[in-house]
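Please find the structures below.
In the two assemblies presented below, chain A is common to both, partnered first by chain B and then by chain C.
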Partner chain A sequence: MKRKLISAVVAGAFALAPVAMAQQKPAAGKISDGVVKVGVLSDMSGLYSDLGGQGSVVAAQMAVDDFGKTVLGAKIEIVSADHQNNAETGANRVREWFDRQQVDMVTDVLNSAVGIASGKVANEKKKLMMNVGAASTRLTNEDCNPHTIHYAYDTYALANGTGKAIVKTGGDTWFFLTADYAFGHSLESDTANVVRATGGKVVGQVRHPLNAADFSSFLLQAQTSKAKIVGLANAGGDTINSIKAANEFGITKNQSLAGLLVFITDIHSLGLNTAQGMLLTDGFYWDFDDKNREFAKKFFAKMKKMPSMIHAGVYSATMNYLKAIQAAGTDDALAVVAQMKKGNVSDFFLRNGMLREDNRMIHDMYLMQVKKQSESKYPWDYYTLKATIPAAEAFQPLSASRCPLIKK
Partner chain B sequence: MTEIFGIPLQAFLSQLLLGLVNGSFYAMLSLGLAVIFGLLNIVNFAHGTFYMMGAFGAWLLLQYLGLNYWFALILSPIAVGLLGVLVEKSMLRWLYKLDHLYGLLLTFGLALVLEGLFRQQFGVSGQPYQVPDLLRGATNLGFMILPNYRAWVVVASLVVCFATWYVIERTKLGAYLRAGTENPALTQAFGVNVPRMVTLTYAFGVALAGFAGVLASPIIQVNPLMGNNIIIVVFAVVVIGGMGSILGSILTGLSLGVIEGLTKVFYPEASSTVVFVIMAIVLLVRPAGLFGKEK
Partner chain C sequence: MDNRTRVLYVALLVAGLAAPAVVYPIFLMKALCFALFASAFNLLVGFTGLLSFGHAMFLGTAGYICGHAVKVMGFPTEAGILAGVAVSALLGYLVGSLAIRRQGIYFAMITLAFSQMLYFIYLQAPFTGGEDGLQSIPRGKFLGLVNLEDDIAMYYFTFAIVLFGFWTIYRTVHSPFGQVLKAIRENEARALSLGYDVDKYKLLAFVLSAALSGLAGATKALVFKFETLTDVHWHMSGEVVLMTLLGGMGTILGPTVGAFIVVTLQNYLSALEGWVNVITGVIFIICVLAFRRGVVGEIAAFLKKA
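Showing the complex of A and B:
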């Protein structure tokens, strides 16, 4: 009899145990799988890996460390992967992360082709992508979806900043040197629109393959066009080699280059003698003020280089994501997005930051000019601030949005 | 203005010349590959990496020892060649009797490792390297402004390529080399030290890649990925020219550079694929390559 009772109690205890355990879970907040995982997907080895790459992983980790390593009692983890600038590789990795590794949010995702493909996966899996690295405006227009936030910059903002400034100072005929994929096309067409709207003219363009080995041939075509401005609608190593070849062929004597997406790591690599005087639009400059310098110095201690806009953006995105989970009390993607739309997202990266209806994060952008060698006083002292472009003007107005989510 | 296919003659000629510059690099690199394949039967996938290391050699010599371009042009290929000796003696040696595939896999792995190390150390944005003072400036050719440095690249590479061809095809040393290729056992029986010849051939082949790397360094950013970008095209060149054919690889290299250059004018989007289209056609029509012999 006694033995029977004991067995019953034991059996009962076992039967109840899962319930008790299940009840313990909500105590850790409404966190799916009991862990918050952030996936940093970037180009870890190719031509863009200095803009994002390992630096983005470090930036995300810094945000987690600064936040406190847990949110609503659940652990925060970072995973990372290399998409090799291949949309399919990237999208497959993101799918695997969401399906099998309990990843809740992916960030960085530079390269527009990868960004667009990964955004579709995020939407399908009801998880979040906070895209920092990709530039194409398609992310908040044709390809916009409730689970994709476009965080740092886009081709409209770049075109609007640099294009407008150059046309206004007399650079009214343009020839484009364009990287032949989603990003390059988007940057070219956005800039061409700005140039035309400001009273300039586009006289031609040439499309080069991504990661081209030699640019002299394309630049010669730009030279023959006699346009005043050669707009470089490319990025990373392609921009660097275009600028180098343009100097070599003496194109910069009669024509000016407009780097439409230039990162500080590119300037560092080119050297000021080659890059001086160039106008560019950036979303972050490490030497802007004390707050930026504070982040930059911590980053520098780990990476031995100053953070690019993407690195600072990944930090800010990760931080805001964790804060929104904390405030919303859940890691449900749409609840987190709704929380961020309530406001209070501004930080050193997002000045006057606001998450718009179309999931475009807007914030102040900066028109910069590259310093001359003689003006540069210390390492990485590269830019002079020419103008701050207010958040409300920097990005494509909502009225022009082609995003189906927007009710007009 | 005279036009060819709707392109001004001027632009046409300048693109032709630029194609020749790129072709010079293809020629030098594919020549090294052809020499190595001819004697060692190794498909040297690490060739692009040696090219990259030649360029880094130049940059490192300038950065840390203050040695200028002209020293680099001699020292960097020698250093790359020595590394080649090391690789051949320690690794490749064991693979000659095996299938081609093993040599390919080994050199491919080696390329990944070396490239990874450089990427880890130097990042991918690359290091700037200035054109040497003597070759600064540009010459007005009437139809285009040609930077002096590019003209130098064409001259230097043509001299090196044809000197190599001459040594292999027209001298006694070359005769040993060719004999070693045909029948190593018999050549050895005649008192020629074939293993040493093999080592030196490999070293020479990769030194040629190193030399091309130094030549390229003032033109493009010295960057761990630079070998990666060019090597695939160079392999296509070797396949089109015929594996192991010396003259074939030089001529194919130059002419494909020109064809690619012209594609950049007529249909730029295809400029990265045109070489492979030609490769496919050549393989269908002449599987041994334009200059290769059926075995």
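Showing the complex of A and C:
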């Protein structure tokens, strides 16, 4: 008897399974589920929370407010989550958003591992990821897919912008200080290629471990190399520590540092005395013109700091997404992407913006030099514009793309 | 097994079968994989008395091997998992042979050292994709028939694997071999004097634990369709200690309960952002100070008294 009861319960449990499956079917319609939901997935508490994090949520909300809170009669909502720089947590969250919470688009998604994993989920669920925060070019190459747009920048754009511009302005001998893992290697080799192609020379490189504690021996090698430019092919804490150490060693007196992945928030925490003179590529500078300043002031009022490229990018991506839904008359991901590819995406963030065939959003990038303390007139007055890199030159050319979607 | 325990196990089995109708299946699969991982770890720390501080290496290695085998070499799903388990077991044999020569903190340090070495190898090795991770691992088809891309199908597949893992652990613990392990835990010198080849038993337990951790890792890689450095990072080795202690070290169900608590906290409190880590930390401290036997251990002790 008891055994029968058990097997009946087990059978019942199996019978429930199809119910679980049925729950996941989305409703059809112009706007799926009658609501447009944007998910902001970022690092809310860790080392990148300064350049993305809560600021990205605020930026997305600003875009929704500016757009008008409804699109095609449907309400627009924002949800956010912390991926803790863990691809599992992140991709899991995105999957749950798509499956259970009617999220239609995710944005920010900084951290390449999280970005790539989330892009796969978006593709599987036929939703959209507009990645602003991640740096890896894999998003539009090996791991490209129709549901992933790479919006703001990538390692190629940074390497290319900084490398080319510096060689052209006379910095023709380079020494690299490289973080010894895939990201550092690709940043180094991308930059080295650009340097050589522009007529410069790479005189050497030294690899340091991830999260290196002591940069002195590496920097001494950089110093003895007599290269005019020391390229920092590293990120985050490593960049900050190497810049600080370079300053202490007096390297910045005779050689210039080129930060290959530096955000304005990094400069803010380093201080101008330490970072001065450094050249870097950025996709957005708040003090560039009136349009940028207008956005930046509103952002500052809410966050008490100036927006980074990622914050401005999240605003722009959300805005363009909503505009594309309006124009396409649906929130179907591929229709929205097709709409954006028709053009007309330019705004204060995307100057000469265009969504390319490989879903790489291209736009003007900027070569900046960090000001000296004496030149800085007001808070956050950090950069001097050295050159504008036109959209067409800033990113990896389509001909070099490794994205299988591209027909050559 | 007394009647009460049997009813409990059946109830858990039914709950496990019915759960995807109520709870998000991906979340359940994640919790199940960690439950198996923590249980495998518990086999070593709870029943043999060996505290490994590098267990993430087995979880991650199997994940990478399984992912690579399935994605690049075109292995069928089951073969991919077996490959992952086999490599983890082999790794367990190599690391174990060295580590069991020392005890206590030195044992922990040796395992930690190995797992750190592997971490840096995986960071550099081209097949892992470095910090970008090994992505888009196909789940494939179970026996060429059932499409595992469907989350519910994958859930029952995972559930079956984890059940198999639990069964193996249960059998091990309740076998004469398990009795010897417990004897070693209680008094190694005495076990030795009774004529047991202690080193051999310890090594076997280590390899078994590594293989089962690998089983969890390989399955997890398939569930999420990617494998990243998180799984080989020392944080993960720490997390499994937390899960085991929280749930109850040396109990059969403890690590599972611990794993569910930790995964639930991480998943549902992620809105609280950085506070998740603080909350887990506080819970850990409370657990160690107030109920040292863990959730399951305390309940068991209470029932025994009653």
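FYI, the second predicted complex is superposed on the first by the 315 of 408 C-alpha atoms of A that agree within 3 Å, B and C clash if a C-alpha of one lies under 4 Å from a C-alpha of the other, contacts with A are read in each partner's own complex, and residues count from 1 in each chain.
Quick note on the criterion: a contact is a pair of C-beta atoms (placed from the backbone, for glycine too) under 8 Å apart; a residue touches a chain by one contact, two chains touch by 3 or more.
Only a predicted model underlies this, so the values are computations on that prediction, with no experimental measurement involved.
Peer 1: Could you say whether A:181 touches chain B, chain C, both of them, or neither, answering first, second, both or neither?
Peer 2: second
Peer 1: Kindly classify A:112 by the partners it touches after superposition: chain B alone (first), chain C alone (second), both, or neither?
Peer 2: Second partner only, chain C.
Peer 1: Pick one for A:221: touches chain B only (first), chain C only (second), both, or neither.
Peer 2: Touch status of A:221: first partner only.
Peer 1: Looking at the overlay, does A:198 come into contact with chain B only (first), chain C only (second), both, or neither?
Peer 2: Touch status of A:198: no partner.
Peer 1: Identify the partner contact of A:143: answer first if only chain B is touched, second if only chain C is, both if each is, neither if none is.
Peer 2: Second partner only.
Peer 1: Check whether A:86 is in contact with chain B, with chain C, with both or with neither, and answer first, second, both or neither.
Peer 2: In the superposed model, A:86 contacts chain C only, not chain B.
Peer 1: For A:95, using the defined touch cut-off, is the partner it touches chain B, chain C, both, or neither? Pick first, second, both or neither.
Peer 2: Once the two structures are laid over each other on A, A:95 reaches chain C alone.
Peer 1: Go through the superposed model and pick first if A:45 touches only chain B, second if only chain C, both, or neither.
Peer 2: After superposing on A, A:45 lies in contact with both chain B and chain C.
Peer 1: For chain A, which residues belong to both interfaces, chain B and chain C?
Peer 2: 45-46, 180, 209
Peer 1: Help me check something: in the complex, which residues belonging to chain C touch chain A?
Peer 2: So the residues of chain C in touch with chain A come to 10, 13-14, 17-18, 20-22, 24-27, 30, 120, 123-124, 129-133, 135-136, 150-152, 156, 224-226, 228-230, 266-267, 270-271, 273-277.
Peer 1: Hey, which residues of chain A end up touching chain B in the complex?
Peer 2: Residues 45-50, 53, 180, 206-209, 211-214, 216-218, 220-221, 224, 236-237, 240-241, 244-245, 248-250, 265-266, 268-271, 274, 305 of chain A touch chain B in their complex.
Peer 1: Under the definition above, what is the set of chain A residues touching chain C in their complex?
Peer 2: 6, 9-10, 12-14, 16-21, 24, 44-46, 81-84, 86-89, 91-93, 95-96, 99-100, 112-113, 116-117, 120, 136, 138, 143, 180-183, 209-210
Peer 1: Okay, in this complex, where on chain B does chain A touch?
Peer 2: 8, 10-11, 14-15, 18-19, 21-22, 116, 119, 123-128, 131, 138, 144-145, 147, 149-150, 219-221, 223, 225-226, 229-230, 233, 261, 264-265, 268-269, 271-272
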